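Next, two complexes with chain A in common: one pairs it with chain B, the other with chain C.
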Partner chain A sequence: MTEPKVKDNDVVVPGEELASGMGYLPGQGTYRDGDKIRANRLGLVHIDGRAIKLVPLAGRYLPKSGDVIIGKVRDVTYSGWIIDTNSAYRAMLSLKDATNAYIRKGADLTKFYSFGDYVVVKIFNVTSQNLIDLSMKGPGLRKLEQGRVITVDPSKVPRIIGKEGSMVSMIKTQTNCRITVGQNGVIWISGEPKNEIMAEGVIRKIEREAHVPGLTDKIKKELEKTNKGEQ
Partner chain B sequence: MTYSKRLDGRGFEDIREMEAKVGVVKNADGSAMFRMGKTIAYAAVYGPKDLYPKFLQDPERGILRVNYNMMPFSGMGDRVRPGPSRRSREIGMVSKNALLPVINLTDFKNAVVDVFIELPQTDAGTRCAGICAASLALADAGITMRDLVASVSIGKIGDKLVVDLTYDEEAIKDMDVADIPVAVIPSTGEISLLQMDGIISKEEITEAIEMAKRACVKINKVQVDALKKKFEVKKNE
Partner chain C sequence: MSNNHIASHVEKTLDKGMRYDNRKLLDFRKITLETGVSVNAEGSARVTIGDTEVLAGVKLDLGTPYPDIPDQGVMMVGAELLPMSNPKFEPGPPSIHAIELARVVDRGIRESGTIDTKKLCVKEGEKVWMMLLDLIPINDAGNLMDAFGLAALAALNDTTFPKFDSETEKVDYKEKTDKKLELSKLPIPVTVYKIGKNVIVDPLTDEEEAMDARLTVSSTEDGKLCALQKGGDITLSVEDIKKMIEIGIDKGKELRKVFESAK
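Moving on, here comes the complex of A and B:
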């Protein structure tokens, strides 16, 4: 088996040769071209045994089944709500997936979720045509009240959450804010206005420096420093 | 009459000095600048986003729209009439066709990706610089594409084949000038744009395409370096 042409965590560009020979398998974000494996998009290399895959570095959100996202109510229909997902496609939250409560036929649905409301929802089905079905039955799925909503680059979301949520829980404790991160790059922050601004600043910094190794420790130090400075 | 020495002193196979930068338009999903000598092209990419009016939507594949525009002050002194023209529509169309073969359209069915190519300064070879910039911007926007696209124009001046014409060379009066813009997909050597303005023999056009392929390898290197540079700076911090 020949060595691949790239190392773990290398930045690769579309068309770049990642490996040659049949020893490796093309994973997500790569394709096979004859006996070569090439990159299909801009991304970071991740070699997992014999498979080479790419972690995307940029791009709009593409809906995926199982993702928890924050959406905005865009329209109210006869049997549910149309939700804006911060992607090219709109989603449908139907009445039976939204609540267990009994809603009389012909009731005014805006009383539950009205235009412009932000909701935390889970995607439970995406068709090949990118029709999205949403559900609000699950822990943490709710309508968002108060606080502020910011939008970040969706490809930076895994970095903002961190390993097993280490980054976001650190920001929560340090800034004393409640934070919900949607996989679609929409983030809800709620707390004291001053703290909200601090949390937003930190998230913007992570978004900018998503490729710096050891970012969690660096951010933690900075937050502790600003917290001490205030006291 | 033979063309023995180029007007700007370059070798016959030399491309003008190139410069590429990625991420120049912060509001866009992806953007890039590509400069070839005095020709500067900016490209901004928005999308995939939903497409209206709805009858334009295609349920089987996404749609790519390319808009090409020369700014009013971009020419050689004469004001370029602003707004769409027959010429800019044609170049937008050929640029779109040059980029389409590399893009995975099934990724964004029913949706659209918009590419805007703007030229603040021109000195011939605008569609080539535009295509180079647009392919960088598309990659920066995270669109799935199997390769970048590199493009250059090959010219025939008198009986000599030359790479990357300038405006002065295009305008030579006492010799016959042919201008052939070519776009190449570097990994396979496929041609995705081939136009011609002038007269040329069969043998010469084959040679011209080979010259374009060699030049595009150099252009591709500049493109790859520019894309990687955007992330390198952050690594060294």
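Moving on, here comes the complex of A and C:
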């Protein structure tokens, strides 16, 4: 088995050769080109045994089954709603997946979700053509009210959420805001105006410094400092 | 597509005297201005207001004057809203929004009389300079109007005439003369927004969407009005308009300082 051309945590650009020969397997964010493995995104290399995968540094959201996202109602049709998911593909929330309530034939669907409403939805299916089926049935899936909606780089979402939600729950308690983070990089924040500004500031900082080690402690210190300054 | 919850949240925040980015109601974001950004234009400028970024370019060409004003040059302002700058902008013929932006900027410059169009005349009835001012957004994060207004003025101020050969009657764009376009006044538009009972300037995208009414106030350095433009669905009272004009003139002075310091 030949050595790969790159080391762990190297930054690679699309098209860059990562390894040659059949000794390695192309993982997420890579593809096989003849007997070579190449990167198809800008990202950091992770070599896990024989598999080479990439953790993207930037990029658009690619819909994945099981993701909870925040979408915006773009259109209302006879049988459901078309949702903007901050990705390139069309998403559909059909009537039967939206509510358990009985909806009469010909009812005005804008009474449930109207144009421009933000909704927390779950992706339950992505077809081979990348068409997205959404569902509203599950814990925490709802229409969003009273809050601000911001958009961040979707590849930074895991850092904003933290290990098992540690980062986001820390921001929630320290800033006293209600926060919902969608996997598609759309974030909803609701609280007192000055707390919202603080929460957004911290999220932007995480987005900027996602690669810095020990970020959780750094953010925690900063939040505690601002909180003390106010009292 | 407006969103009632998003809009009412913006209003609630403003009611507490705060903005989404921790500014005061009548504060502008950080403004930067740089001129001479394009080699091919006779005059150009780049303006950023916060995350909003726009370019303005002036092109000079020779053409025949309009029959009713044979001794005057021609000024045209055009805005093209690039889809890359805002997902809401679509490619194709100019939208109402684009036409409004271009016309309000045009009106401010034209009606202030800052450019003496008679000086743009080369040969009466036959040849005059046609001035094309193009406005392009690079990123729209709110308040395109004021950014365009400032960029337009800076680009005009940066404009140098190319060499005109009177024998061949052709313009040599590669050779620039030291003749500058003269501006006798400095008209600057400031758009004042009304959201609920609050009056703000320099809105973010969310605030723009939550707007009830807006008034663009274009004024010169001596405090004279040269253009007004009202937008939005809600009516404005006489007191509202008086207050908004006052703010517009006042903030215009602030923007003029940015312009002067970059000169």
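Please note the rule applied: the second predicted complex is superposed on the first by the 211 of 231 C-alpha atoms of A that agree within 3 Å, B and C clash if a C-alpha of one lies under 4 Å from a C-alpha of the other, contacts with A are read in each partner's own complex, and residues count from 1 in each chain.
In this text, a residue touches a chain if its C-beta (ideal position, glycine included) is under 8 Å from a C-beta of that chain, and two chains touch if they have at least 3 such contacts.
These numbers were taken from a predicted model, which means no experiment stands behind them.
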Touching partner for A:Y31 - first (chain B), second (chain C), both, neither: first
Touched partner set for A:Y118, first chain B, second chain C, both or neither: second
First (chain B), second (chain C), both or neither touched by A:K96: neither
First (chain B), second (chain C), both or neither touched by A:R50: neither
Partner chain(s) touched by A:K194 [first = chain B, second = chain C, both, neither]: second
Between chain B and chain C, more extensive residue contact with chain A: B
Which superposed partner A:G59 touches (first chain B, second chain C, both, neither): first
Chain A residues contacted in one complex by chain B, in the other by chain C: none
Footprint of chain A on chain B - complex, ascending: 29-30, 47-50, 59, 102, 104, 107-112, 139-148, 185-188, 223-224, 227-228, 231-232, 234-235, 237
List of chain C residues in touch with chain A within their complex: 1-6, 8-10, 12-13, 16, 18, 20-22, 206
For the chain A and chain B complex, residues of the former touching the latter: 11, 13-17, 29, 31, 33, 38, 40-42, 56-60, 62, 87-90, 128-130, 155, 208-212
Complex contacts: residues of chain A adjacent to chain C: 72, 74, 115-118, 144-149, 190, 193-194, 196-197, 200
